[in-house]
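Both complexes below contain subunit A, partnered by subunit B and then by subunit C.
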Partner chain A sequence: MISSIEANRSCVVDVASVTRKFGDKIALDNLSLSIPRGIVFGLIGGNGAGKTTLIKHILGMYRAHAGTVHVFGRDPVADPVGVLGRIGYLSEDRDLPNWMRVGELMGYTEAFFPSWDRRFAEELCQQFELDKRTRVRHLSRGQRARAGLLVALAHRPDLLVLDEPSSGLDPVVRRDILGAIIRTIADEGRTVLFSSHLLDEVERVADQIAIIHHGRILLAGFMDEIKQQHSRVTVRMSGNSNTPPTFAGMLACEGSGPDWTCVCSGQEDQWRPTVEGVGAEIIEHSAMTLDEIFVARVRG
Partner chain B sequence: MLYYCINTRDMEYGGGQVQIHVSTDNGTAIYLQIVNQIKYLVASGRLAAGEELPAIRVLAERLVVNPNTVARAYRELEQQGIVEKRRTAGTFVSDQGSPLARRERVKILTARIDLLLAEARQMDISIEEVNKLVEQRHSALQSTGSSEEKDR
Partner chain C sequence: MKSIPMAFAWEFLEHGKWLMLVGFAQPLLLPLFILAALPELGTSLKDTSISIMLHVFFTLLGMFLVAVCVVGSREPVTRLGALPVSSRAIVFWYMVMSMVAMVTLFGASLLTLRAVYQADWPLLGPVLFGMTMVAGFQVAIWQREHSIGQFVCWFGGMLLFGFWYLWRHSALAFGNFMWPKGIQYWHDVTLLDSAMMLTVIAGSFFVGLRSVAQVRCGETYWKLNLSQWLEKRSYRSAQALPRFSSWSHAHQWYQWQQVGRYVYFCFIACGIMMSVGWLLDNRESYSLFNGLVVSGGMISLLAIGAGIIFAFHGTKDTYGMTNFDLELGNYLATRPKTSTSIAHCVLRSLTKTLLLIWLTWAAVFAFNFTIAWILGWLPNSLVPNELGWWYLPGTVVSLLAAGGVGVSVSLTGRLRLVLGLFGFVFGYVLLTALLEVNRLISKESMSQISAILFGVVGTFATLSALYLACKNSLISARQAVVYCCVWAILEAVVVFEWITIANRQLPAYAIAIGLISLAILPWPATPLAFAYNRVR
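After this line comes the complex of A and B, so read on.
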């Protein structure tokens, strides 16, 4: 047990074979995931894929039915103070105390975190144009997200966890949030975990990603490698064949007549011979956006 | 789709503003977009030898991309001799007397020629005709004196 923790010392988060059910529904299915120190990790998946459930395990809000969760080498359920004191968290529903004023929220949160940086908190308050006298319940959606971000950031957490930080927000607030992620990572050694539907944002800021689907990891790795490992290939079938090609490494295919556009995994020198082997002429191939890779993987 | 652009610095270069754009909708890796655009700016003379590039952190925040991505782009540019790191931190455009700059310029031109040839082919205009046209335009431009001789 000790040795596995030792081995993952450079990992801030280590989720090993975690299964979690809600009634009959399997929310996490033997899921494993490691997040190394000092990177931005993007968690992507559709609604109900298990992103929030996974995040809540990492925060110790849920106990795994099977498997183990370690954050900073500790069990977040057994040692919530040791773990949560070093995490900044912005929840999906931004559940802030509505009756507090922004200033009170700052003072209240400060009490939980010895590392709270009062000057930084003031700076963020100004930058986000938050009025300390406003009650949380009267904040606009964007200002509420900014207030949540302020209290997640002001203690300069070793791990920043943002659950769907951008959902339902206008581009200006989204930019603030992405800016916060970038500044956090630029501080040596800090780690960010965020989940998002907005894959262009993930593509911009994540070093590593994991695609989660039906409680399992479909694909995980470095963004650059994942992008390199996927291509869109347009082929023309020889003869008058109207059937789509099938070959190893093909994730998805659409088209009609002799022309088909396929999504291939692997490097070009891997898929090229197999595509040509089934009698298809390669007309063109191009790189794919993360969005397109995600759709191909989840549908495939 | 969020779309951000920045000025590489908040001042102007020789009357023209120099900009880098990063987009996630064409599949090209972001670090490569940065590399290509800085190469283009250098090759086209809009970034001159000795000019300082924005700090990694500054460029990352303005482009809203991961600082590691900008660092990777700068490393790549350094390896290719386009920029150099100086001891007092900071990344500067290298002296472009090197043959590499010329190679880059040729590369940019090659891409344009490819486009031209593709278009010519589509319009059913032969390579001989294209060559002749290029010659004609060259003399036409020279006689009006409006073009500078392309450096050899």
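After this line comes the complex of A and C, so read on.
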């Protein structure tokens, strides 16, 4: 009992059995998720999978139709001051007041956050090469993302939430964003939640990931464990069989004739006997990238 | 689609079907409303001068409204830039379709009005003129697509075509706009009329062709570069980093910069236009003070609009409506403040702006009063007798009530709610007019019922908002008590006045009670609205 309370305390975000519908469409379906303190958590999923909806629940912009959401142990809808004051958020659309100048945006945002670090803000402004007198509407897409990142980071939030931070951006801006993530986690106890389509980036920086599909969590866990638990196996069926093999732990399979390439989940000693049990010979066995795991899970 | 014109026509009809339906209905609504009230005003369409005056006014307004709907039904022409179709074909088919739509919609509206009111109004001249006008407006759009200069072009076009239309009815022949006796119907389309209209259509085609061709290449036609010049000036003078003493200070600055200053400038512009109108018209002190007294009430109408646009934050945190939805943007929605604090901050900003407007109006009034008093030009009665001393506080309360209702509705971020409110008010006014015209109820009884209904609805709405805000913990019990005390004190003044005065006019007091309630309403209603918008 004590350990579960301690576990909850160490969780920055605790989403329990949340369901959310938009009309007849179920956006989140009995979804549960916990994000521990001090990690980089990657939320991955296809378009319309429910990533942004989940993030908006965490920010208190959506009210769950069923289930509960707690951030820092508080309900974000009931206590926006306690929750949002500790979050830095960069939205998918980089929503910022277009008419403001960058300097005005910094000054305006500073007024809301007592923990705003003016020196850090100046440092980020210089690093991102932002002119404080330029209006937000005149910024390029990449500069706009940098400006959004600046105001999300400068109050040194306990939780940094980035919704598709690098989509449509050039490699230089993406490097800035990844650098910001790394800097944030370098500060002890800070947490990053980010959603992305760019799985190589997620693979590079995330400690934990969750794959979300049709409003449900398909897979969640530590990156290393997930990669260890997934393998690509090429098997050759005995005899003249042209049918794909079926065995416990197999997620997907493609090929023709006697040779088939299968994606397996679980440890090798769990699936190897079952492969051999169906009369197949293992020709090749290799590790998988996150991209491949994602496709296998979503299509499977 | 078998051909490019077919594809253009299908897109035009599919994209603009609802807007074009509005285009048909709009020219009918105001005439129906006013023509229904003509018997009440002791006149009818049988009076030729009234009939011509109304015809000119309704047809001109109707044409503008249909033109807005027709041109608004079009997707931007820049979208077609990458398609394998010539600029000539784009301009030709777009103009032809717009002109056909204008003839059909405006002609149908005019025929309906003629049939309903058996008015001897000409059809051909106004319809052909409308067709020419829409061609000119289409070109005005192409000249400045995606830029604020589009509105300047529209305004210029409206002025030119408006003067042309008035001139054709001889309404400008007498040097003023007060409907001189010599105005006449446009019954005959002369050779000169035809030549002028053909010239405008042909000119529009060639100018449009050049505009579209240049827009497709990403070139600009001609520019004053005024906005760039202003931007450069403001860039040089911009502070690198503004400092705010509190978030409330910062957010009030935000509201003023985003909306408040524009609302104030609109008020000033309206004042200047009215002053110019007075200078051009009769320059009499009676008219001046009459205008000032009426404008004291009219600023409440401006306040409704101000209230509504004060809450337009848009989905992208940019000013204005995005995709016709007023949903709060992510940036503002994630400010670490309670919905009540932010809503009240918006309300305070609005109140300050409205009070600034009122003070400006009061200063102009006082200035003119002083000058007229010194020169001995003061009219006998400044304010209508039935209003008396109520007039001055009445203008403030109605200003705050109107602005408060506007911001409370708009802050919900639901366009349907805003449109629903307008629809309800318009429907109610139309219903009362129809009831009165058909003699189902007398004008006095209807006024009394409306006034009492206003008082009851205002009181009920405020009580409901207080209850709901308390129930949802958006306002504290202490705040609720303060609002109730202020409300009770103001209402007590009204009741005291009602008791002590012999000649009691219940409708006036019911309206006063309703207005005071609505002035209190936004304090509990705006947090509810903001929370409803912020948490979906």
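The criterion applied here is as follows: the second predicted complex is superposed on the first by the 293 of 300 C-alpha atoms of A that agree within 3 Å, B and C clash if a C-alpha of one lies under 4 Å from a C-alpha of the other, contacts with A are read in each partner's own complex, and residues count from 1 in each chain.
In this section, contacts are C-beta pairs under 8 Å (C-beta built on N, C-alpha and C of every residue); 3 or more make two chains touch, one makes a residue touch a chain.
Because the structure is a prediction, the values reported are computed rather than measured.
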| query | Quick one: subunit B and subunit C on subunit A, clash or fit? | reply | fit
| task | Return first, second, both or neither, reflecting whether A:G60 touches subunit B, subunit C, both chains, or no partner chain. | result | second
| query | In the superposed arrangement, which partner chain does A:L84 touch: subunit B (first), subunit C (second), both, or neither? | reply | second
| field | Which of subunit B and subunit C A:Q229 touches, first, second, both or neither | value | neither
| field | Touched partner set for A:S195, first subunit B, second subunit C, both or neither | value | neither
| message | I'd like to know which partner A:R101 touches here: subunit B for first, subunit C for second, both or neither. | response | second
| Which holds for A:Q143: it touches subunit B only (first), subunit C only (second), both, or neither? | neither
| query | Using only C-alpha centres after the superposition, what angle do subunit B and subunit C make about subunit A, to the nearest 10 degrees? | reply | 140
| query | What is the contact status of A:E203 with respect to subunit B (first) and subunit C (second): first, second, both, or neither? | reply | first
| message | Quick check: superposed on A, how many Å separate the nearest Cα atoms of subunit B and subunit C? | response | 27
| query | In the superposed view, which residues of subunit A touch subunit B and also subunit C? | reply | none
| Residue ranges of subunit B touching subunit A (in the complex, touch as defined) | 1-2, 4, 22, 24-31, 57, 60-61, 64-68
| said: If we count contacts the way the header does, which residues on subunit C are in touch with subunit A in the complex? | reply: 231, 235, 238-244, 246-247, 249-251, 253-254, 257-258, 315-319, 329-331, 333-339, 534-536
| note | The subunit A residues in contact with subunit B across the complex are 39-40, 171, 174-175, 178-179, 182-183, 185-186, 199-201, 203-207, 224, 227-228, 232, 286-292
| request: Using the touch definition up top, name the residues of subunit A that touch subunit C in the complex. | output: 59-63, 77, 80-81, 83-85, 87, 89, 91, 93, 95-101, 103-104, 106-108, 110-113, 132-135, 137
